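Shared chain: chain A. Partners: chain B in the first complex, chain C in the second.
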Partner chain A sequence: MDYQAQVMKIIAVPLLGSLLIPVLGWMGRKKLTGYLAVVLIATTNILTWKLIGPGLSGQNSHYIYPLFQGLGVTFNFGLNVDALAIFMAFTASLIATLIAIYSLGYIEHEEHEPEYYFIVTLFVGGMMGLVFSTNLIFLYLFWEISALATWRLIGYYREPEYVWKADKAFLVTFAGAVFMLLGFGLVFAQYGSFDLVGPGSLAGKPISAIALILIMAGIFSKSATVPLHTWIPDAGVAPSTITSLLHAAILVKIGLYGFARMFLNGMVIPDRYWVWILGFAMASAFISACAALMETNIKRMLAYSTVSQIGYTFLGFAAVASWGYIGAILYIMAHGLAKGGLFLCAGVVEHGTHTKDMTKMGGLIKKMPITAIAYAVCALSIAGIPPLAGFFSKYFVITGLLQGGHPVIATLAILTAILTLLYMLKSFQLVFLGQPRGESHHEGSPIMVGVVAVLAVLTIVVGLGLQLPWNLASKADQQRQALAVQAVQQREALAAQALQISSQP
Partner chain B sequence: MPNISWFFTVPLVAALLMPFASKVHRRVVDGLAVLTGLVLFSLSLGLILGWMPAGDFTANEVRLRADGLSALFLLVINSIGFACLIYATDYLDHLGGRAKFYGLFLILMLGLNGVVLVHDLFSMYLYMEVASIASYVLVAFTLEFDGIESALKYLLLSVVGTALILIGLALVYLRLGTLEFSAIKSLLSQGDMPRLFLLVGAMFLAGFGLKAAIMPFHAWLPDAHPSAPAPVSAILSGVVIKVSGVYALIRIFLYLYPRTPQIQSVFIILGVVSMAFGAILAYFQDDIKRMLAYSSISQIGYIMIGLGIGHPLAIAGALFHILNHAQFKSLLFLNSGALQFRTGTRNMTEMGGLESRMPITSTTSVFGMLSISGIPPFNGFFSKFLIILGAVKAGYYTVAALAALFSVFTLGYFLVIQRKVFFGKLNIKWKDIKEAPAAMSVSVILLAAACLLTGVFFSPILSKVIEPAVFVLTGGK
Partner chain C sequence: MNETMLLALPIALPILAGVIVLPFLRKNATALAWTALLTVGVTLIGSFSLLADPTMSVTIPWLGLFNLSFSMTSWKALLLGFMFFFQILNGVYLLRFITRIPRPYLFTVFSLVAFGSACGVILTQNVLILLIGWEMFLVSLYALILSAGDGTEPVAMKALIIGGASDFLMILGLMLFIQAGGSLNLNVTAPMEVGKSFMTFASFVLMFLGAGAKAGMWPFQTWIPEAAEVMPTPGFAALPASLEKLLGIYFLFVICRDLFVLNATAKLVMYVFAVVTIYAAVIPALVERNFKKVLAFTAISPVGFMIAGMATSTAAGMAGALMYMLTHATYKSAMFYAVGNLEQSAGGASLEAIEGRKEILPYTVLGFLMAFAAAVSLPPTGGFLAKEFIFEGLLEHHNFFVFFFVWLGAILNTAVVLKLVAVILSGWKNKVKVDLGWTFVAPVVILGLAALAGGFILDMNAGVIGEVVGFHEPEWIREVWHISPVTIASVGIYVLGATLFFALRSPGKPEWSTFHFLRESPVLGRAYELAETKTFDAYEVGMKVIHWIANLIFWRFERLIDRVADWFISAGRRIARPSLSAIHTGVYSNYLAWVVAGFVLVSALVLLR
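Then we have the complex of A and B:
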C-alpha cells in the first residue's frame, strides 16, 4: 500500500493552510482566523486516523526523493511511515486540536489574534513534517520552525520582560540546534549520508562521542532537560494555551521524538554511552521534581513537572528494552493528555482569579467544580495512580529500567514518582481545597471547561482502554528491534569482511 | 540579440538619458530608472538560464568573458540593483536630485558589471574605480555632515588600497609581461611560483581586503554604510563590498594563483577574525544601520572562511552566501531605511512596538533576520550549512564550531533589533506613523520573497547558479 499522498497531505494541510490565516487577518476577518485554525488542525488529525489501521498491521515503509546531487553531496527528502511516526502524529495533532478549540474561548479578546492562530497552525505543520521526515536536514528544518514559533508565541503579550524571555527560549533552543547540526555534519563526514533509512543510509551506524554530545545538546535544549531547561519555566509568561501546546502537544516532545527517531530507529549509540544519557535523564527528572515541590507559581510548578516527566520519558527510551520503549511511547501520550489538561485548567483558574500564585488561591472547587475534577484526574495521572494512563506508562518505564539492568536508576525513578505525587497533591490542595482567598471567581467559558473535561476523560479512557495504544507502541517496538538486529548483522558482516582482508597474505 | 556587452551599454545609455528625462517629468525619470533595472535583471537571469550566449565577446579591442562565476555575480549585482532602484523611487521624495542619483547609481552598476565581466587585471582595476567613485559621491548624497565626513574617510582609505593594488599590478606586469587572466593563470601554474608573487599577493590581499572590509581593514565601513541613503547602503553592503572586494580576491587567489596552504590559512584567519569581532561589535550598537554594517563585516567573514577552506562544498557555501547575503542584507538595510524615513531616527532605543504600525516592514525584517541567522527554510541556512559542512569534511573542526557559535550570536543581535524596534509594546510617540510608501514596500516584499524562495528551492539554484561558479574555481566538470 502506498501512503505517500496521505502523509504529504498531513504535512501540507497545516503547513500551507497556515498561510491562509494571515490573509484572513489582512482582510479584516479576525474572528474567522480561529475557526480556520481549528478546521486545519482537526483535518490534520482526521487524516492521521487513516494511518492507524496500517500502523497496527505493521506498516513500515519509507520514500526517498532526491533533491540535489553534486559537489560530492546528496540531499534527499525522505518520508517515513512506521508505527512510531503514526503514533506521534496522531497524539500531537489530537492534543493540538483540543488546544486550538480551547483557544477559541481563551484568546477571544486578545490583540494579534491572526498571528496567534497562524503560528499555532504552522507549529503543528512543522511537527507533522518532523514526525514523518527521515532525513536529518529536514528533521532540522522542521525542528527550527518550532523554535521560531516558540519565540513568537512566548512573546505574545508583548511585555518587555516577556519578549526578553521569548528571546531566551529562541536563543537556547537555537544554540542547541546549531550544535546538533554540527553533529549531523560530523556524522555526514564519517558516513556520507543524511538519511536515517534506506540503502547507504545511517541506519545501524555507530556514531562518535563528539557527534553524540553535539546532537544531545540539541535534543536536551529542545526537550528542556537539565541543565538546558531554564527557558521552559520562563515560557510560562505566554498564554496558557501556548504553554499547554509547548509542554504537552508539540515542543518538548520534539526532542523526545527526535531522540527515538535518530538513535533507536537509525544511528546507533555505542553501548558505553547509554549510562550517561540515563544519568542525565535521571538527574533531570529528580532535580526538577524537587524544584516543582518548591514552586508556588502554578505555571512554573507545572513547567518543572514537565521537565521531570520528560526526564522520565528519556529514561524509558534510554533503558533500551522493550518495556521501556513501549512505556516511553505511551508516556508521550499520557503526559501530553494530562499535562495539556493541567495547563488548560491553570488557564481557567488564571482567567477566573487573575493570579498565578497558588498561595493566593484556595477553595476553588466550589466555584469551579468541573475544572477541579479535571485537574485532579490529570494530576493523578501524572503522579501515576492506577488506572489512569500515567500509571501504566510510568510502570512500564520502571519495568523497562529493571529489564535493561538498571535497578539503582529504577529505585530513584520510584522516588521521583513519590515526589511527583507530593507536589501534585500539594498544588491541588492549595488551589482547590481550603478556604477561598481573594476576590470573586467564576468557572471558565463552556468551551474551555468542555475541552478540559474532554482531556480528563481521555486520560481515563486511555488508561482503561490501553489495548489500542499499547498495540501501536508494541508494533513500534518490534520495528525498533528488527532494525537493531539488522544493525548488529551489518556490523558483524563488516567485521568479518575486515578480518578476511587482514588475514589475506 | 542581446549579448553580454549590454551589461555596460544599457546602464550607460540610461545614465546619459537621465538629465534629459528630468526635463520632462520626475515620474519619467523614475520609470526610466526602474525599467533599466528590470532590463539588467532580466539579462542576468537570461545569462543564468542560458537564453543569452555566455562565453567571449570581442569588439574593438574590448574583450569580455562571462563564465559561471561572472554569471553568479551579475545576478547578484543586477537583482539587488533592481530592488534598490524600485525602492529609491519613493525614498528620494525627501532627498531630491533624482536624475543625479539614478545617473550615479547606474554608473555604479555599470562599474560593478564591468569588474566581473572583464578578463584582465587592469580593466578590473579600472571598473572597480568607476564603481568606487560613484559610491563615494552616493555616500555623501545627503549632503549632511556625517555623510560627507564618512565619504571622505571611505575615499582616503580606499586610495591607500588602490595604491597597493596598482603597485601589485605593475609588479605582475613587470614579471610576467601580461595582465590577462588566462595568461597569468597558465604562467603561474607552470613550475614554482616566483617569490615576488608572495609580496604581490600580500598587496592584493590588503588592497582588495580593504574594499571587502575584512578585519583589520574595515574601519571605513561602519561609518560609510550607515550615513549613506538607504538604497545606497543596501547596494554597498549587499553588493559593492562583494564585487570590488571578494570577487577580486576570488579571481586572484582561487582562480589565478595556485592554491597553497598559506593562502588558505590567511583567508581562514582573516575570516574568523571578521566573523567573530563583527558579530561582537554589532551586539553593542544602538544605531540600527551601524549594527547592520558590523553584521556585514561578520558575514563577509563567513564567506572568507568558506573560500579559505577550499573544499568544493565550502566554496559552494561561500558563493551561495554571497548571493544570499546580498538578498537579506539589502532587505534589512532597506527596512532600516523605511524606519528612518518614517520615524526620522536610526536609534533603536527610541523605537518600539512598530510592528503594529509598520506590518510590512516588520514582517519582512523577520524574514531577513531568519535568513541571516541561518534558520531553515530561509536561504542563509543552506549557505552557512554548506560552509560548516565543508569545514567538517576538510577537518577544520574548530572553524566549524566557531562558525556555528557565531550564528547563534547573529541571531542574538538580530533579536535585539526585533525586541527594540518591532516586537513589544508600541512607543506612544509613534502612534500616528504609517507604513512605508508603496514602492518601498514592494521592493522589500520582493527581497523577502527572494530570501524564502531561494531557501525553499535551494536545489535548482545550487545546480544552476552555484555549481557552474564552483567549477570555474575547482576546474571540475
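Then we have the complex of A and C:
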C-alpha cells in the first residue's frame, strides 16, 4: 500500500499550516491562532492513526525522490515509513496536541500569541519531517528547525536573562548539530551517500570513531545528555507549555529518535564503542538524578529528571538487546505522557502560586485536588511504580541491560530508579501535602486541568493496556533485527570479496 | 460466572468499588464505611464458589512474553479466607471509628484498593503480577498513613521509600533470576540452586531482602513503629500489623519453596537477618513508652522467628513459619483494635495514659488477654504450635546457636507483652467497668477468640499446610503434643519470661516503668540514646548518605559543568559577536556571496571525495 501521500500530509500540515498562523495574527484574529494551531497539530495526529495499522502489521516502506544526480553522487529526499517512525510520530503529535489544547488556557493572557502558536506548530512540523526523513541532510535540516524554534520559545518572555538562556540552548544544540553535520560529511566521504535506506545507502555500514564522536555530540546536545545538558534546566524560564513540549513531546526525543534511526536502524557502531555510550547514558541518568534531588525549583527539578530519564532511554537503546530496545521505545511514550503531565501540572501550580520554589508551596492538594492527583500519577509513573506505563518501560530497559550482559549497569539503573522515587515523592510532598505556605490558591482553568487529567489517565491506560504500544514497539524491534542481520551479511560478503581480491595473484 | 470472572472478582470488585463508587459518597464518612464493609461482604459472597473450588485457574497470555495466570489452591483458599475474615472485622471496627479519621475518604478508598491488591498477590501465579499487586498495596499504605491528617507526610514518605527501594531490589533479583534461567510463571519454574552461580545467589539475596522488607525485617522495619503512632488504628491493624506481614512472609515462602533451593550460605544470610530482626525490635520494645509503638515492635520481632523457620528449609520449620504468619496476623490485629479502644478511653496511647485511665473496658481487655495467650505461645494457641515447629526445624538441623538466640528473643518478647498486660490490668478494682460500642468490641473479642482457638483452627487445616510444606503424614500436627526437648524450651520461655518481668518490676512503681532502669545502664543506655536520635535507623542513615552523595555530585560536578558551559558560551559570544556583526551587514549581495561560498564548499566536498 502506498503511504507516501499520507506521510507528506503529516509533514506538510503542521509545517505549511504554521505559516497561516502569523497571517491570522496580522489580520487581528489573535484569539483564533490558538485554535488553528490545535486544529493543525490534532490533524497531524489524526493523520498518523492511518499508519498504525500498517505499522502493527510490520509493513516497512520507503520512498526516494532523487534531487541531484551527477559527478558520481546522488542526492535524494527520502521518506521512510516503519514502526519506529510511526510510533514516534503518533506519540509526539498526540502529546503536542494536548499541550496545544492546554496552551489555550495558559497563553491566553500572554503577549505574542500568534508567534507562540506559529513556532509551536512549526516545531511539530520539524519533528514530523525529521521522523520520516531517510536522508541525513534533510534530517539535519529538520533538526535545525527544531533548534530555531527552541531558541525562540525559550526566549519567549524576552527578558535579557531569558534571552541569554535561549541563546545558551541554541548555541549548545547548534554547536552539537554542526559537529553532527561534520560527522555526516565524514560518513559521506567514506560511503558516498547520505541515505539511511535504499540501494547504496548507509544501512549496515560501520562508521569511523571520529564520525561517531561527532554525530554523538549532536545527539547528546539535543537530547540533553550529561555533559551537554545544562541548557535544559535553564530552559525552565520558558512558559510551562514550552518546557513540556521540549521535555515531553519533541525536543529531547529528537536526539533519542535520531540515535535509534541512525545507529539502530541504519549505520553500524563498532561493538567496542557501545560500552562508552552506555557509560555516558548511565552517568547522565545518575548525575542528573542527584541534581534533581537537590533542586527546589520545580521546573528545574523536572528538567533534571528529564535528563535522567533520557539517560534511561539511551540505556535501553545502547543495551542492543530486544527488551532494551522495546523498553526504550515504550519509555519514549511513557515518559512523554508523564513528563508532559508533570510540566503542565507545574504550570497550573505556577499560575496559582506565582512561584517555582517548592519550599514556598505546600498543602496545595486541598485547593488543586485534580492537579495533585494527576501529578501523583505521573510522578509515580516516572518513578517506575506499577502498573503505570513507566514501570513496564523501565522493567524492559533493565531486563535489556541484563540481556545485553551489563549487570553492573543494570544495578546502577535500579539505584537511579530509587533516587527517582525519592525526588518525585519529595516534590509531591513539598508542593501538595503539608500545611499551605503561601497565599490562598485555586485550581487551574478547566481546560488546563482537563488536559493534565487526560495525561494522567493516559499514563494509567498505557500501563494497563500496554499490548498495543508493545506490539508496535516489537515490530520496530523486528525491523531493527532484520537490518542488523542484513548488516552482518553485508559485512561478511565484503570480507569475502576482500579475501578473494587479496588471494588473486 | 466463569473461572476468569471468579478469579478476578476478589481483586477487581474492591478496587472498582473504591475508585468508582466511593467518590460519590466522599462527603459522608459513615456511608463510606458502610459501603466499604458492604463491598467486602459482597466480594466474599461472590467468592464462595471460588473458595470452595481450589482447582480453578486461568492463564491469559500477555505481550507474548508473560502469562497473566491466576489460580486457586486449598492453601490460597485458606489465606484468602483469613484475609476476608480480617477485612470484615476491620470493616465493622471502621463503622464508628471512621468519624475519627481526618481523611475518611482517602482511608476507605485505599483500604479497598489494598485489599483487592492483596487478593491479587495471593491469587496470581506470575511473579511480575505479584509485584504489581504489591506496589499497589504499597501506594495504598502511603495513602492510608496520609489519611491520618497533616504531619503524617514524613512517615508516609518513609514507608513508601523503604517499600519502594526494597521492591526495586526485588525486581533486580527477579531479573537476575530470569537471566539465570528462571521463569516469571510460578507454575512452570523449577526451584533453582542458590549456589549455582553468583547470579543465582545475588538474585536470591535481593529477592529475600525485598520480601523481608515487606514483612518488616531489619533493617527495613523502622517505619513501622512510627506508622503505628500516627496511623488510624484500623489502618495499622489491617495493613502493617497483619496483611502486609502475611504477604511478605507468603512471598518469602514462595522464594524458599518455589524459586530456590537454599544452600548453607543462603541459610546463614537468613539466620543473621532473622536474629538481628528479633533483637532490633525486642530491645527497644522493653523501654518504649507508647503502647502502639510497643505493639509495633512486637509485630517486628515475630518476623525474625518466621524467617528463622523458613531458613531451616525443613517441613517443620516452614510449617511453623506459616502457622506463625496466620497466628500473628490474628492476635496482633486483636491487640491493635484493643489498644485503639484503650486509647479512646484514656485519651492517649502512652503507657502512662493507658495505665492511668478511669475505665477498665472489660470486653476489650478480655480480647487482649486472649490475644496475649497466643502472643506468648501458650498452648493450645496457634502461637504455641508455630513456635514448637520452628524450634523443631532449628533443632532438626542442629542449629543450636540460632536456636539459642531465637529462644532468648522469645523470652524477652514474653516479658514485654507481660508488661503490656500489667499496664492494662493495673488498678483493675478501682476502675469503672464500661466498654465502647459493639462495633469497637466485637472485632477485639472475635479476633481474640480466634487467636485463642488458633491451635484448633490450624489443626483443622493441617492437611492444607502439610501439603504445601511437605508433611505427608496426616497426623503430623499432633506430633507436637509429645514431650520433647522443644517442650522444655517452650516451658522455659514462659517461666523465664515471667520471671524476668516479675523480678525486674519495682513494687510501688507504675507498671509502665518496668525495665526503664535499662535506660540508665552503661551500654544499653547509650544504645537507647543513639537509637532515639535515629543513629541506627537504616532509612535515616541511607538518606544522609544519599544526600551527601547528591550534594557532592550536584555542587562539585554538575554545577561545575554548567559554569564551564557558561564560560564557553560567553567567550564564544564575545568572540563571535564582532565578527558576526561585521559579516551580517543587511546587504543582499553580502548574503548571496555567503550562499555561493557555501555552494562552493559543498561542491568541493563532493568532488574531493
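We take it that the second predicted complex is superposed on the first by the 503 of 505 C-alpha atoms of A that agree within 3 Å, B and C clash if a C-alpha of one lies under 4 Å from a C-alpha of the other, contacts with A are read in each partner's own complex, and residues count from 1 in each chain.
Quick note on the criterion: a residue touches a chain if its C-beta (ideal position, glycine included) is under 8 Å from a C-beta of that chain, and two chains touch if they have at least 3 such contacts.
Fair warning: this is a prediction, and the values are worked out from it, not measured in the lab.
Aligning the two structures on chain A places chain B and chain C in a clash. Contacts of A:G352 after superposition: neither chain B nor chain C is touched. Contact with chain B, but none with chain C, is seen for A:F179 once the two complexes are overlaid on the shared chain.
By the touch criterion stated above, A:G390 is placed in contact with neither chain B nor chain C.
Legend: residue contacts after superposition of the two complexes on their common chain; A:V73 is shown touching both chain B and chain C.
Of the two partner chains placed around the shared chain by superposition, chain B and chain C are both touched by A:F188. In the superposed model, A:L141 makes contact with chain B only, not with chain C.
By the touch criterion stated above, A:V163 is placed in contact with chain B alone, chain C being left untouched.
Greater residue coverage of chain A by touch, when chain B is weighed against chain C, goes to C. Of the two partner chains, chain C is the only one touched by A:Q435; chain B is not.
By the touch criterion defined above, A:G266 lies against neither chain B nor chain C after alignment on the C-alpha atoms of chain A. Superposed model on chain A: among 1-9, 289-297 or 415-423, the stretch of chain B in collision with chain C is 289-297, the rest showing no clash.
Judged by the document's definition of touching, chain A residues 71, 73, 167, 171, 185, 188-189 lie at the interface with chain B and also at the interface with chain C. The part of chain C that touches chain A in the complex is made up of residues 62-64, 128, 131-132, 135-136, 138-139, 146, 150, 153, 157, 160-161, 164-165, 168-169, 171-172, 175-176, 178-179, 199, 546-547, 549-551, 553-555, 557-558, 561-562, 565-566, 569, 572-573, 605-607, 609. Across the interface of their complex, chain A is touched by residues 312-313, 316, 353, 370, 373-377, 381, 385, 388-389, 391-393, 400-401, 404-405, 407-408, 411-412, 415, 418-419, 423-425, 458-459, 462-463, 467, 470 of chain B.
Those residues of chain A that touch chain B in the shared complex are 67-68, 70-73, 75, 137, 140-141, 144-145, 147-148, 151, 155, 158-160, 163-164, 166-167, 170-171, 174-175, 178-179, 181-182, 185-186, 188-189. Across the complex, chain C is touched by residues 71, 73, 167-168, 171-172, 185, 188-189, 192, 226-231, 286-291, 293-294, 363, 380, 383-387, 391, 395, 398-399, 402-403, 407, 410-411, 414, 417-419, 421-422, 425-426, 429, 433-435, 466-467, 470, 474 of chain A.
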